[in-house]
């Protein structure tokens, strides 16, 4: 059995752990051979391969990023994309393909299996934790840990100067990182994309926090949005107050809070540090087990499936289950956490 | 409603997060009052209390240990223990008691509910992750993270000197910390209490690792045991080789590996650093939610129950379910990880 | 002897360690009494004090920020500022004042001693490490450590996507944080305020790095500036390319690099996380010793002096020596490091 | 110019940073060639070499250990050691040798220069910081940071159980790590090899700490010794109380404290984790600059010299100055820190 492996989409701590798990299991237990494809779907599209054997995966477990490179290339949008992929897989004599990626990468894998008979197994990856069908995705725990440590640090500077500190974390469509790191970091306000926020409420929470003689921390997901009429506009245009929009929601929010409460406010945008570097122990565990079980799925010929976490078990679900809809924060969970606001 | 809170057994990162969650939720949402009992069951036994209100729980989320203190006092083993507890709860006008602890602490709580009608709710706590009924307990993720970071560090010193490094981690009856940190740290051998190990096998793995020109890391749970005939004896007595037993299994194992393979071997015993200090973001999340849901159980009068993690949900299970038997490492899981040995 | 203590200017990890060192030494060794003044010079200006004794400084060593609060209030710019300070010091029966702060705070202290006879001792504080007269100031090592860890993380995401990553660190007038963290983080370009940079050179380094098949990291101090004609304009105005200026030099630089090299570039602005949270061991050591020696200076009546680090010794220098001119990066040192660029 | 490089003695975070600094500077600035010798002096003794060029040093900056391997081999104790080294250097056409190591490794280098005319330059390395002639050696800051973090963690477990925690850190002949980490970690007792300790005094400090309602942390260097008559005996023999000696001073001390004060005491021996893993930013900076300046010394033909830190400058001192005597903790410095004991 000769198995191809690729990693697509944004990078994520744990990708290398998955690759290592796949290769160790496949080679040692079943005598499989492996070929890595470079830079996501661009690899099979252009026939760019790299050798994947035990020496190639040595020492990569604690390393962030992916030794295979990544891209957002969508072969379905390329001329003859499907045909070229099938040809290149045939040329490399690939019997099965393991695709590690998020909604887009797995969506392609699902269509390759269903419509074109390419034997694919999926491994879910999203640092935002917003893929359905799995309790958690690897990379998320690392990102939450980094954001929490940053919030821990910001508390002391907020309190020394009695300032509001707004922390913008990742999460374009789902507020998981904001919710987990905000709770873990003891934030006083957490704003997520799933629920539009009201500036009056935010300012009321901020003000009440100062009354308790503590300086407030506001954690906001990059995709969080204010209510209608409290608009945030695009870069370079004017917002509803006639000001130039400077950057993301975090910076806008700090300005608004300062303007409305009279308290000094500052913004920190965590950005790419959340997705780089060594994975947490939790993510190394999860990613490695995903890799081991992806090989089992290949051995069972269980194509079109994706490995997933359910409780402490690794199970298999149809790839389509994961990509059908985004896993967003349940309003009941957000309400549960609301007891810490203000 | 007036609710008592106590923390019993070994300390564990996240205890303060549970306490804070309980108080914030109870006070803000239901207007409950809280009283803390000092030092586990010794608190209600001797009537030692401390005020628990919102100011008392401020800033404790990131702090390890427990502001209530802890002890291993077993009131069932004390003269008139039950009677004294009931008297002290009555004197303090306590309507319900939340007991945060492991097998022993919760075992007492279960008997107080079942046999003596004391309205108790349990919160599971064990750094070893060996309580049944819940996917994980808080503190475990922190311990695994600390052990993994230590193993990461030991790799470089092992390789610079081409030595074997034996790392002894916590886990007297269950190998969870060894298994998770060993996998995450890229250990070449992981030994757990659930399965007696053979020195020949361990030495074969160690030797094969050197052939791959890497120095081996052996992670061993403190409760792991060699097969019969390869005995480890108690402190101060002589072992089967006529040597004085120096300390734990880690030190013994290093000496045996050195003696049998001719390779230099060193031991590191991680000890108490695994259970101290600030909890990981995962543990702060889990512990806080346990606290919130324990208050819900009190409000529902659902006594004799313990909060527990199932997937991403917090559920309630009978306390007895958690204390009936130890949650040990499934042989199938251990076998799954075995692909990384050697 | 009754000694006042205040902390002024931006907060900095290690301030609490200084305060603790002062109080422990003064109380235990000399039987001094201490009073803290709140929020920098605003404290003595408005007579806002707080009790400082051994219990008050317990547990503060590892905590960032300052238990005394801080401000940038300049009493010399206030009506009757000097007179009010002298009155409040007299009212509190203060015999000597220890001022912990940077250029501005110490500048006031120097004038209070020299022109108005107020017995002040200074402790130098600047996270940017740009005060003269001392080898290092506390807080700097912590900031460098945080920035280095962030750069370590960004390497993996840069390489997975073969992107340029621009990291903007603190340093308005001096490039110490950029230089140290850039070197320690293995950056390929380091830009500091002391030397205007040329975009052509930066782009040449970036391009050469890609040829070595590694993705480049560019570390830029917030105060670094391009050569004349390559202008960065203020917020909200148009820059020389007709674009709206979005934010700091980091974001501008990423856009320019992307435009000129055709390589994708991203910016991370580390911001306030660099100055918050627990101090490094180095900073706790340095800050504590500064506190101990400040008390010695008070005991010796050596006013107008500031404690300072020389090699491994704590010495005293005139406050004016520290505030006379900024300690900037020596061109020879910058050239020495240049061997790692590109 | 063809330059050999070797690393000898115990491994130390920063060794790879030195090697990288040497190669980058030598190749890029002067066009030198480099050859690495494997495993300390065993390399030139047995002619075991490895290629050292720019690709060979890529990515090694943040990695602990040494890519060249290390050993404690002493060529002066080998048959014809000197002759074999000279022959192998000649065979590899080595013009100069950079030896990175501690007292032993540098002692050999000094004799090779002085007595046998081998052109050597030294780079000082000792994690214990006990080499004379330099303010600090790299690796020390990393070790202190690791020990401090461990002590931070142990505080919470000590206080939850009101136990004494004894932490044994590295330092056989000098107490630098104990002093710095003990101060930074807020220890209540610090014991160093330079000054024999009295158990009565230690127990008095421990007891007084409990009165302040805090649990004490005792930091002890592995080489610290009690006063005469309070003997610690060797492994396997009986100590003065007729007990079997279990292991190091830390464990012995905990038993004595428990016996004398009646307080529960536990020991943690940090061991090898202190010398492994990624170097701190400070150590990367120092080690890199040592590497750069070692190449300068080679270029200047300044053999028999060692690079050293003086304040913020890198200077050169005779190797013999570093190896003539151990740099131990000055009694005045120890006394200065004593204000925090008890």
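As written, the chain order gives the labels A, B, C and D, with residue 1 at the start of each chain.
Throughout what follows, a residue touches a chain if its C-beta (ideal position, glycine included) is under 8 Å from a C-beta of that chain, and two chains touch if they have at least 3 such contacts.
The structure presented is a predicted model; accordingly, all values stated were derived computationally and were not measured.
Novice: Farthest chain from chain A, going by the mean of C-alpha atoms per chain?
Specialist: D
Novice: Rounded to the nearest whole Å, what is the centre-to-centre distance of chain A and chain C, using the mean of the C-alpha atoms as each centre?
Specialist: Here the centre of chain C sits 34 Å away from the centre of chain A.
Novice: For chain B and chain C, what's the span in angstrom between their mean Cα positions?
Specialist: The computed centroid separation for chain B versus chain C comes out at 41 Å.
Novice: So how far apart, in whole Å, are chain A and chain B when each is placed at the average of its C-alpha atoms?
Specialist: 30
Novice: Show the residues in chain B shared as contacts by 2 or more other chains, in ascending order.
Specialist: Residues 152, 278 of chain B each touch two or more of the other chains.
Novice: What are the touching chain pairs in this one?
Specialist: The set of touching chain pairs is A-B, A-C, B-D, C-D.
Novice: Help me check something: in the complex, which residues belonging to chain B touch chain A?
Specialist: Touching chain A: residues 24-25, 28-29, 58-59, 61-62, 135-136, 141, 144-145, 147-148, 152, 180-181, 183-186, 212, 214, 278, 280-282, 284-285, 288-289, 292, 310-312, 336, 339-340 of chain B.
Novice: Within their complex, state which residues of chain D touch chain B.
Specialist: Per the touch definition, chain D meets chain B at residues 10-11, 13, 15, 63-66, 69-71, 146, 149-150, 152-162, 165, 235-236, 243-244, 246-247, 251, 266-273, 275-278.
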